[in-house]
Every structure is written in C-alpha cells, then in structure tokens.
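Structures given as structure tokens follow.
You will see subunit A twice below: alongside subunit B first, and alongside subunit C after that.
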Partner chain A sequence: MLEAAISAAQNLFSPGPLIGMAIVLPVALASGLIPAGGLPTTSVVLSFAGYIDPWIAMSIVVFSMAAGDITEPVPAILLGVPGARSAQATVLDGYPMAQRGLAGEALGASYTTTLVGGLFGGAVLLAVLPVGRELLKLFGSSEFFLLSLMGILAIAIISAGAFVKGMLTAAFGIAIASIGFTNVGGVVRADMGIDFLWEGFGIVPIVIGLFAIPEAMDLVIGDTPVARERLDTMMKEANKDVLRGMKVALSHKWLMLRSSIIGTFVGAMPGVGGATGHWIAYVQARQTEKGAVDTFGKGDIRGVIAADAANNSSDGGVLIPTLVFGIPGAPGMVLVLAILILSGITPGPPMLSTHLDLTIAMVYIIILANIIVVPIMLLLAPYLARVSAVPPNILAPIVIAVTTLAAYQASRILEDLLVVLAFAVLGVFMKRYGWPRPPILIAVALAPTLERFMWITVNTYGFGLFLRVQSLVLIAMMIALVYMALRVQSVASESAHTAVPDRPGSKVSEESIEDPS
Partner chain B sequence: MRWRNLRTYWLSTEVLGELLLIALAFALFGYLFVLSFDWPEAARLLPRIAVIIGVPFGLVRLVVLLRRVRPSAASVMDTSFRIEGQDPRAIAGRFVRIWTWLLALYLGIWMLGFHFALPVGTFIYLFRYGKAGWVWSVGLSVAIYATIKLVYDVALDAVWFDAVIPQWLGLV
Partner chain C sequence: MGKNNRARYGAIFALLAVALMVFALSGCGSDPTQEPAPAPTATTAPADTGQAESPAPAPAATPTPAPADTGQAESPAPAPAATPTPVPAGAPTQAPSETGPAMQESEFAGHFDDEPVTIVVGSAPGGGYDLLARTIARFAPQHLPGEPRRFQIRNVSGGGGLRAWETLLRSDADGRTILTLNINLIRQVLLGREVSGLDLNTLPLIGAPTRVSDPYLICADRHKYSSWDDLLADGSVTIAGGTGGRVPMGAHFVELVGGPMKTIPGYEGSTETLAAFERGELEASTCIQRRDPRLLPELVEDMRWLPLFWWNTRPNQEWLDTLGAPEPYHIYDLPGVDFQDWQKTAFNATVEYNDFLRMYVVHPDTPPGLVQVWRDSYQAVIEDPGFIEAAGIAGYDVGFGSPDDFGQVIDDLLSLPPEGLELVLRLSGIN
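Take a look at the complex of A and B:
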C-alpha cells in the first residue's frame, strides 16, 4: 500500500498529468457553472482516451469532476441558477441569502464546507481501499451479479421520485443493452439486419444524445438569460463578508461532518450518486438542526453548509463502488469506467491490485483539486459566475459542436452520429414527459457485467445464491439504503416544492433532482 | 360528458407523446422476446429480464396515464410551448430552429466533413441566431477548427471518414 502511495505521487506529479490538469483547469471551473457542463469535458477526454497515457486521462477527468463540483454552488448562490446537478439544494438557502445582501457570507460558508467535504470524501476513499481489498476476497460472482442488479434498480427506484417510470426506463435500458454481440452465448442479438448494430450502442453517443444535446436544446428553447444588472449587483456583494461566512461554517463543524458522512455514504451506493446525497444531507439538517424547519428555504446558512459539504464529499464516495467493484457510483461514473477501459485498464478488482497506484492517485487528485480550486474561487468567484450568464444561443451550439466531435472520435464510426440523433429525440421526449434518463445510462453500462455474472451465478449457485451470507447481507443493505433514500427523497421533493425562492432562469423540480451529469 | 373529457385528454399531446414512448419500449420488449427463442439459453436471460421488469411497469404506467383526467402542468418542452411570461410562438420558433440547425449540421458533416461543417455550422448559428457579432462568431468558429486541427489532427493523428462531396469531386 505504501509503495503504491509513493508510486501514485511520483506518477501524478510528473509533467504529463500536471500539464493535463493545468490545461483542463479553466474548462473544469466553467463546467460547474453551466447546466450539464461536465458532460462535454468528459466526453472530449473519452474521445481521445485511447491515445493518451491513462494517468493523464484519469488526471484530467477526475480533476475536472472534482473542480466542477467546487464551482457549482457559485451560480446557485449568486444567480439562483444551479449550474449543475448537485447545487439544487444550495439554491434553496444560498439564493435567498444573496437576495438579502449576504452573498459573500453564503459563498464563504460554501467554500469552507466544500473544502472540508472534499477532503473528507477523499480521506474516506483512501481509508476504504485496504478494506475493499479484503472485502473483495469474500465476493463471488453472485455478489457482483447482485451489485450490478442493485446498481440498476437503485437509480431507477429513486429517480426523480417516479418509481414506475424509473423501473420502466431501467428495463428499457437493459433492452437497449441487449442489442448486439454478447460474449455470453456468443451470438449477435436483435441487430435488425443492420451491420452497424453488431457492436451494439456505444456509451458516448448515448450520453451525448440522451443528456448533452437535450440539455443544450433546453437552454435555447427556454431562453432565460441572466439579467446583466443582477449580475453586476451580485458581483459587488460577492466579496463582502466571505471571511465571516467561513467562520460561521467552521462553527457548525458537527453539521459539516454529519453532512460529509451522508454525502460519502450515499455516494458509495452503487448507481445512486452524489446528487441524492446532497438532498438527504439537506433534509437531515432541516429535521435535526434547531429551528431549521421554519428557517430552511428562507436563507439559512446551515442549509448551504449541509448541501455543499455532502455534495463535495460524494466525489470520494462515488469512486468507491466505481473503482472497487467496477459498478458506477453515479451515472457520470459510467464515463470514468469507459475511459479506464479505453485506456486498457479493467475497472473493479484489478484496480486494487495491479493498478492500486492509479486508484490512490485519484484520491490525491480530489484533494489537489480542492486545495487549488477553493483559493481560486475565493478570489475569482464573482467573475467566474459570469460564465453562467453566457446567452444560451451562444453556449448551446458550442456544446453541441464539441460533443458531436467527441461522439464521432470516440468510435470513428459515422453511424454513431445517427445514434446521437436518435437518442437526442428520445432524450427530449423523456425530459418532456418526466421519464428519468439516468437509469438507461446505468443499465447500458452495467448490462454486460450483470449478464456475465448472472449466467455464472445461475450455473454455479442457482437458488443457493440466497443461502450465501454475503449475498444476504448485500440484499439487506441495499433494501435498507433504497428504503432510506426513498423516504428522504420524498421529503426532499416536498422541501423543493415548498421552499422554492423567486429566482430567474431555473427551477428546482423533481426532474432536476435526477440530472446526472 | 366524462367520456368527452377523457377523449379530449387522450388525444392531447400530454398523453399521445407518452403513449409514443411506452409504445417504443413495448415494441423493443416484444421484438427481443420473440427473437429470444432463437438464442442460446445464456443469451436469452438478459433480454428476458428486461421484458419481465419492463412489461408490468409499462402496463401500470399505461393505466395510470389513461385513467388520469387532469393533465399535468406545462413545462419547457410542452408541445404547446408554454413557459410563464413567454410567447408560445417564440418558444415554438426556437424549438424548430435548434432542431433544424442540428439536422442541417449533421447533414453538413456527412456531406462535407467535420473540418468544414462544424466551424461553418457553428458560425452560422452564432452569427444569425446567437447575435454574437462578427468577432465572437468568427473567433469561436476558428477555435473549433483549431481544436479539430491541433488536438485531433496534429496531436492525436485522428482518422476521419471520407465525406460525400469531396468524394464526388475526387478530392479524397
């Protein structure tokens, strides 16, 4: 372990990864400020992951993911616009604070909790790695089968509070993943006579079609640019009382710690992700903090602290199932897995043996991102918030152009552009009718693992699966976690509906809770 | 009266759009289920799991959808193009415009290739609809071209497909 830790530091602090992180820094900062901003960055990296050193590829992706999470609260507080998936709960109290002239204090609290949460999540990931190695020795094919199944079902069950639609889309995702060649059975399934479908659908065109393009289109169709005067006013107030906000955050150390634990723990649930964690942390704070039931949603700094600590600590959490089991901790982790595979690295158990140094390096990257980005945000947040005010008609064509380029380069198959278009139509429809999209992505990513281990399990254990202690523990754990997530999700939705502040441009809704980017 | 209300509701975009989604899912489930009899046992498990989970939940959704009389609130992508405080015709215009541009862009890529279609398509949108002005429109389009050239061509030595028109002209 120590050798791997030293090797991780040596490899990470070499020119390639450092230059990669320096190049991606401005993009990463901007990615948290715009809706679904993380997707184009990761997609572009994915398009050339096969060409570059895996250390550089992973440095860029994990760094941009962690840095993006840190910048997310800025537009949420200053403009009432949640830049990306995990800042929606921050809006509920951050924006009312900004409206009362307390933007700087809210930002100060946000930076502090973000830093603490990020470091906590990274530390937990580091601590879990040796445990994970031992745990893996107890895991057989049946446990991997159950983890894959639960990964798909968990995201479906808690998606947007729409249980039936979530399950239906998860099944639809498994059906989509069934198309093409399968190693299990060695046949080409349901290719509809189209040669191109022999390989099945690639993950990148699905992500870009289902998420990036519908989000960009939504920006154009909604066309709600942030008023320039509002931005100027907020910029003046954003640098006031930041230090006081930091002190207030530190005085709520137990709330920060509780929220960080929740963020990491929920993030570590296969398929669930950090967006749910920050809502759960927000709700627990609302229910446990003194007088919070009356003040949350009206500009209570504790709401900002709870949401942001959980949001950033989840970065470490979502990497736990992703790296240890090869099961994505969040929908966005599907792309991280894809990058690892393209780089010639098998996610899952080998990450804790042959590539332990790379795994540890990811912890370093999360910590590094927090140490670098938080001071930058302290100095530049009000100016960077202007990115959120870029008119949709300028942002959208650029996002579409860049992601289209990435979609083609990821596979070099022209027909993939047709796949992008088809999934874009599907994505627009699903978004319009409130069908959660992440279950499709998770199902497509996990289906091969699910299928392989299911076949082995059926042949090896049969119903004996339910006699294995490990399997039973796993089933009980997942049922309990999903039950808890469902309970809290309903309270979170209630909070979102009852405490939505008057703000421009965006709305906090059940649908936005499921945004996975 | 109730029947007339229901009929109007069933024929609304609120229902028809979601029916289309359910129909698409059912079509795929049905296709996989029928074909699965021809596959070896190992290969038919996954698609059948999709069918076993999908069909009951699809039916539940169908019943809930058809029994609900009151339509849900309008949202950004409502086909009746309603957003509070905005002109529905303007929203419809933006919807048509972005889709037309996307299709034209993809057609352009197929006909002319990425190097030409992507920067030019971006320029046209930015200048014509984004009202970005000459400087920004040209600057951002050049940035996209530079990305294609420097990142993909020079740094990664990327492979591209042969576009249709350059093939006709014998340029490739």
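Take a look at the complex of A and C:
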C-alpha cells in the first residue's frame, strides 16, 4: 500500500498529469459556474482515451469532476438555480441568504464546508479502499431502495407546513420521471405518440425551466436585484461577509462532520450516489439542529453547511463502488469507467491490486482539487457575491440566455428548449401561487433509482426485507423522520402559519417550501 | 420610463432572449466529439488471434451491461448444437457492387480524404454502444481505402435511438456517415411501430461486431442448491435481468415456459450482477470462464458455481472441470421443463437475433459500391487482432455478423407465428 501510495504521488506529480489538470482547471471552474450546466470535459477526454496516457486522462477527468462539483453551489446561492447533479438542497437556504444580501456569507460558509467535506470524503475513500469491498457487501438492493426512498421522504420533511402541496408536486415529479423508455420492462411508457418522449425528460431542462427562468422573470418583474437588503453594506463588506461565513461554518464542526459522513456513506451506495446524500444531510440538519425547523428554508446558514458538506464528501464515496466493484457510483462515473476501459484498464478488483497506484492517485486528485479550487473560489467569493446586486434587466437576460444554452448543450436536443419553456411556465405559476418546486426536482432525480431498486427488492427480498438488520435500521430512521415531520405539520396547522410577502408581485418571495396560505 | 413599463419591457426582453436562443440554436448541429487520428500502426496485435487463448486483460467490468450478462462467454466455437448457423439467404439489404473489393478500393481510394468519417451513436458517451464505436473508430482508418485519418464519434441520444436514425437519414448518402443502430429501435419495429425509413427487409447493414457463437452457461449458488432437482423443488430461483430489456435469455426462456427460474430485471451490468450474487441476493447467474476467475476469483475457488444448463455451444471441458460436478444439461434436455417446437424455433431465432445487437448501417441511398467497401472494411476491422483485444478489455467478444446472416435472422423472425414473435419479444425483455 505504501509503495503504491508513493508510486501514485510520483506519477501524479509528473509533468503530464499536472499540465492536464492545469489546463482543465479554468474549464472546470467555468463549467460549475454555469447554472445547471457543465461543459463536456469528460466527454472530450473520452475521445482521447486510448491515445493518451491513462494517468493524464484520469487526472483530467477526476480533477474536472471534483472541481466542477465544488463550483456548483455558486449558481444555487446567487441565482436560485440548483445544480443538475448536486448542490440542489443548497438552494433552499443559500438563495434566501443572497436575497437578504448575505451572498458573501453563504459563499464563505459553503466553501469552508465544501473543503471539509471534500477532504473528509477523500480520506474515507483512502481508508476504506482495502476493506471497501467487504463493507459494501453488507448492503444490498433493499438498502439501496430504502436510501432512495429516504431521499424521496426528504420531500415530506422539508414540506412540513405544506405537506399536501409537497406530496402532490412530488407525485407530479414522479409521473414526469415515468415517461419514456423504461429501464425495467423494456417498453416505452406514456409517450403519447411523441417520439421525443421515448427518452423521457432530462433533468437539466427541468431544473432550468422550473428554477432559472422563473427566478430571472421574477427579478425583472419585481425590478429588484437578487439582494433586496444590505445592498450598500454588501458591496462594501463583501470580504468581511465571506470571512464571517467561514467562521460560522467552522463553528458548526459537528454539523459539517455529520453531513460529511452522510454524504460519503450514501455516495458509496452503488447507484444511489450523490443525488440523495445532500438531501438526507439537509433533512437531518433540519431535524436535529436547534430551531432549524422554523428557520430552514428561509436563509439559515446551517442549511447551506449541511447540504454542501454532504455534496462534496460524496465525491469520495461514489468512487468506492466505482473502483472496487466497477459499478458506477453515480451517473458521471460511467464515463470514468469508460475511460479506464478504453485506456486498457479493467475496473473492479484489479484496481486494488494491479492498478492500486492509479486508484490512490484518484484520491490524491480529489484532495488536490479541493486544496486548489476552494481557495480560488474563496478569493473570488467577494466578487461573485456582488452578482446578487446586479440590476435585474442586465442579470436576467444573461441568466436566461446562458441557462437556455446549457439546457441545449446538455442533450443537444432542440425539443429540450420546449421542455424548458413548458417548465418555465409551470415554474412561474408555482412560484406565484406558493407551490413548492423542490419536490419535483427530488422526485425526478430519484425516481429512476427508486423504481429500479424497488423492482429488485420486491422480487428478491419480498417481506424478507423486514428481517435484515441494515434495512430495519433505515426503516426506523425513516419512521422517526416522518413522525417528526408530521409533528411539525400539526404545529404549523395549529399556528395557521402564513408567509409574509416581501416582494412586489410575488406571493411567496423566498424559496421557502412552506405553504403561504 | 415608469417602473411598471420597465418591468414589462424587461419581461418581454427576457422572453425575446429565449425565443432568440431557440431560433439561433435551431440551425445548430451538435458538436461531434472528435476522435483523434490514430496512427495506422498503433494497434498492438497479440500473437494469437483466438479469443479463448488470448492473454487479453479481463473483460468483465464495464460501465454498461456487456453481452456477457446475457450469456456470452469465451472459447473457440464448435458447431452450434441447439441453434444452427443460418444458411445465408438472399441479400436482405442493398445489392453488393458488381466489382470486386480491390477494384472498389482503388475506385474509392480518395473518397474518405476530404471530410471526416462520422460514426453516429444513439446513446450518451460512455455506454456500451459508445465504447464499441470508439474502439471501432480506433481501428477502422487502417482498413478503409486511403486510410482516412479523420474519424469522429457523434453521440445523438434521444428517442431510444430514433434521433440517431433520423440523423443518419439527414446525412449525405456518401458513405461518410455510419450509424450503430439501437436495438430498442428494432424492437419497436417488431412491436409494430412505424419508424420512418426503417424497413428490416431492406436495412442498409454493413455488419455487426458481436456475432459470436459463445457458450452460454447458467450456474446456481452451490451454497443453496446441490442439483437441478433442488431447483425444481424450490420452484423459483432468482437470476438477474438487466435494464433496458436485457435478460439472460436461456434463463428467461426456462422461466417463460414454467421452469424454476425467476428473472429479476433492474441490474445494470455484469459487475453489479456478480456483486449481488456474491452477497447472496441472487441465486443464479451466467458463469463465464473469461470473466469470473478475474473479477471474482473467490466464486470459482470456493466452488460457489453449480453448473445448471447451457445453450448455443457447449462450454469447454476445462471450465466445466473447474466448476465441478454436475455435468450441465443442454437447455432443451432440462428435466421437468417441456419446450414445444415453436418455442424452440422462437428461442433459436432470438439467440441469432441477439448477435446483431450493435449492428452498423449506412444511409439507405448510399451507392452499392460504397456499401460494399464499407462491408469489406468493417469485416476487416472486426477481425483485426488489435480490435479483438481492445474490445475484449471492454468486455465484448467480437465476431463479424454479415448482412446476409442478418437477412436470414429477420426472415426467421418474420416467419414466426404471432405467438412465436411475442415470445421473441418477451425473451428480449419486453414484458
């Protein structure tokens, strides 16, 4: 192991991989900054795999993915546009903070916690590599199903106070996710005779339509920048805000640690991946942090900390099944496996023997990406925070143009622009009339995984699911979460909670999920 | 300008931005992923071209289900026992050129020099279709006339392969664009769906890369069963089916006729399947000599595999000796399972059809001479030792499937009675 670790360092810190990472760094930064977008760096590298040294290829790809994930919270916080693969829960508190003129603080907290989460995930990956295979064997499809279900249950938790609306919109999201060619069963479902729908809806156009366009429209119609408070102070004290955010994050070290553990653990579950971890981390923070039930979703910095720690720690987690089993831990990992194969390397157990040095190098790359990118983002944070003060008539068209381009770029299917338009209309109405939008996003992101593992679980375990200790622990956790959510719901009903509109022309001004009625 | 007016203008401007973007992009093509020009001598040809004896690295773990999961395995191919090789029928596609390959090569020597050759792939980068296409792109240049140096992969996902097919139809019929046809599209046609320009009888096929007479062997978990009789007594032995309609065909066939197998769809790829088997979640799986000793040596060393039955060709004796007793049955000889003749015919047709999962086609209007050039070149690529080795690493046994063979397969499929065609579709994972 030590020998492989030294060999990994020698190979990684040679000119080829270093130059590769240096070249891809600005691309990765820009990629994450594009709302719901991302540049196809990995796809480009895929074209060269087999022709270039696998060390260079893997350096570029893993560095690019890690760096891209690090930058994804920026559009979530500044523009209210969740990432397509991560930084989705970040939007719930990050954007309201930006609206209150606290974008710098949110970014400072986000990047501090991102660094901690990333380093934690990398360290865990390094530590469990020798036993990762045996550890993962303890968990089966029933646990993968329950974890996916727990992600969906996050809807119930964060909808506490608007439970019915949350559930209805989640059901709508699952219905949308059901359209198209089914992974299980091999038939086309609910295509309504439209060939385009054979493939179903992509998540990127849904995110952009549902979040980016309505937020941009709202800015223009309200004729206010994102930040509606502290405009002068924010411009002058951006550096201080960022520092304050860093300090606040560091003062919540246990929250960061808990969320990082959740992110890494859920990320390591094959197929469940990073899309679920940050939601579960967010929910646990909401249920366990003092007073969080009342303040989460309204700009509580702890919501940002919980979501982003899990968000970035999952990078290490998803590599565990990818490397030790050759099973993609998350959708992006398919490309990592493809590049390995095209480079003549067999993923799976040989990665822990023949190619152990390359495996360890990937851990180094994740850690390196965090060490390099996070300070850069912290330096940029005061300037990025000022985006929230840009006049709406300048910011909105740019956001709409860039995100629309990102929607097209993600699939290069022209019809996806119509999907953006349709979801934009839906998003505007949902925002206007106080219907929560995040449940649709959660449902669309998790429904395919949930359906796949539900099929497997029902057919293989049946009621045997309730005889597995691992499953019972997860079921108990879910029952506890639902109980707490229902308790909050009943309290909310009693107090007849109403939201106070604070933006002209908008009934619900914050990306709070609570029912304003 | 009043505040309300500004808001309205802003909203209108925002909408215009969207409209402008839609308009601007409507004229855009997709950005093809360039395959760098490989040096024609870049291949590392192994000394032995036979896959079974090839020292190629383990092919198992792939990001998408390799054909291994549906039962393909290693070893040289003795004559198929259960599924006879079809006799080439009348040309199902375009008539080949009257001229011989050498003449055509000289005629088209400079044809591929001016513009890049594009392989359209109907799925996202990284999947099985994409991997194989990129591997073909690495080796194709040295086998095409003039050894063109510019190859590119164009991923056009969407519509279950429909968009990629439409992309091919919109391209020039000059042989510079080929398509790896998505099997889902063929299945939809077999289900009776109209796909513009796609006629299985006149499909402009240049070949398929995965036509291999492999031995398919199903094994159960010896920790749970000791013989086929145990399985019969149990009545329901779980085995992984894949996603997107991929199933281990023989096991699913046994299940459909009432045998003691239960296919569980949803597993993605052979690595996920083996991991599930290893942790005891599944009770049976395909067992493959080329894959298992490398990916999960403990399964072989601990004698976890209990050989049950095979189809297509008999597994080699060395592998069976490694697995230990009992001697597996041929699928049609399984005790307690009765197959009717029409069911066997449908199964045989499905096995043959499955060999053409990743077929390559050109534009239907491509001149016959160019079609023939492609067929010759494509066959040379598939038989290139360097390609065989590279595909092996990706988890694919490769062998050239000719258009004539495919014509026979389609004839067989279309001549089946309705219940036979339905069985074919169910064996293909469509429920």
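Here, the second predicted complex is superposed on the first by the 264 of 517 C-alpha atoms of A that agree within 3 Å, B and C clash if a C-alpha of one lies under 4 Å from a C-alpha of the other, contacts with A are read in each partner's own complex, and residues count from 1 in each chain.
In the analysis below, a contact is a pair of C-beta atoms (placed from the backbone, for glycine too) under 8 Å apart; a residue touches a chain by one contact, two chains touch by 3 or more.
What you see is a predicted model; the values in this text were computed from it and never measured.
When the shared chain is aligned, subunit C comes close enough to touch A:456, but subunit B does not.
Look at A:401: by the touch rule set out above, it reaches both subunit B and subunit C.
When the shared chain is aligned, subunit B and subunit C each come close enough to touch A:48. In the superposed model, A:146 makes contact with neither subunit B nor subunit C. When both complexes are overlaid on chain A, the residue A:199 reaches subunit C alone and has no touch with subunit B.
Once chain A of one complex is fitted onto chain A of the other, the partner contacts of A:417 extend to both subunit B and subunit C.
Shared-chain residue A:212: touches no atom of subunit B or subunit C.
Once the two complexes are overlaid on the shared chain, A:349 sits against subunit C while remaining clear of subunit B. Contacts of A:223 after superposition on the shared chain: both subunit B and subunit C are touched. Looking at the superposed arrangement, the partner reaching more residues of subunit A, out of subunit B and subunit C, is C. Subunit A residues 48, 51, 184-187, 213, 217, 220-223, 393, 396-397, 400-401, 404-405, 408, 412, 414, 417, 421, 424, 455 lie at the interface with subunit B in one structure and with subunit C in the other. By the touch criterion stated above, subunit A contacts subunit B in their complex at residues 48, 51, 164-165, 167-168, 170-172, 174-178, 182, 184-187, 189-190, 213, 217-218, 220-223, 391, 393-394, 396-398, 400-402, 404-405, 408-409, 412, 414, 417, 421, 424, 426, 428-435, 447, 450-451, 454-455, 458.
For subunit B in complex with subunit A, the residues that touch the partner chain are 17-18, 20-22, 24-25, 28-29, 31-32, 35, 39-47, 49-51, 53-54, 57-58, 60-61, 64, 72, 75-79, 83, 86, 91, 94-95, 97-99, 101-103, 105-106, 109-110, 114, 118, 121-122, 125-126, 129-132, 136, 140, 144, 147-148, 151-152, 156, 158-159, 161. Within the complex formed with subunit A, the subunit C residues making contact are 3, 6-7, 9-11, 13-14, 17-18, 20-22, 25-26, 28, 30-31, 33-36, 38, 42, 57-64, 125-127, 130-131, 134-135, 138, 153, 155-160, 162-163, 184, 187-188, 238, 243-245, 262, 264-269, 271-272, 275-276, 278-279, 281-282, 294-296, 390, 393-395, 428-431. Across the complex, subunit C is touched by residues 40, 42-44, 46-51, 136-138, 140-141, 181, 183-188, 195-196, 198-199, 213, 216-217, 220-223, 270-271, 325-328, 333-335, 337-338, 341-342, 344-350, 392-393, 396-397, 400-401, 404-405, 408, 411-414, 417, 420-421, 424, 452-453, 455-456, 459-461, 505 of subunit A.
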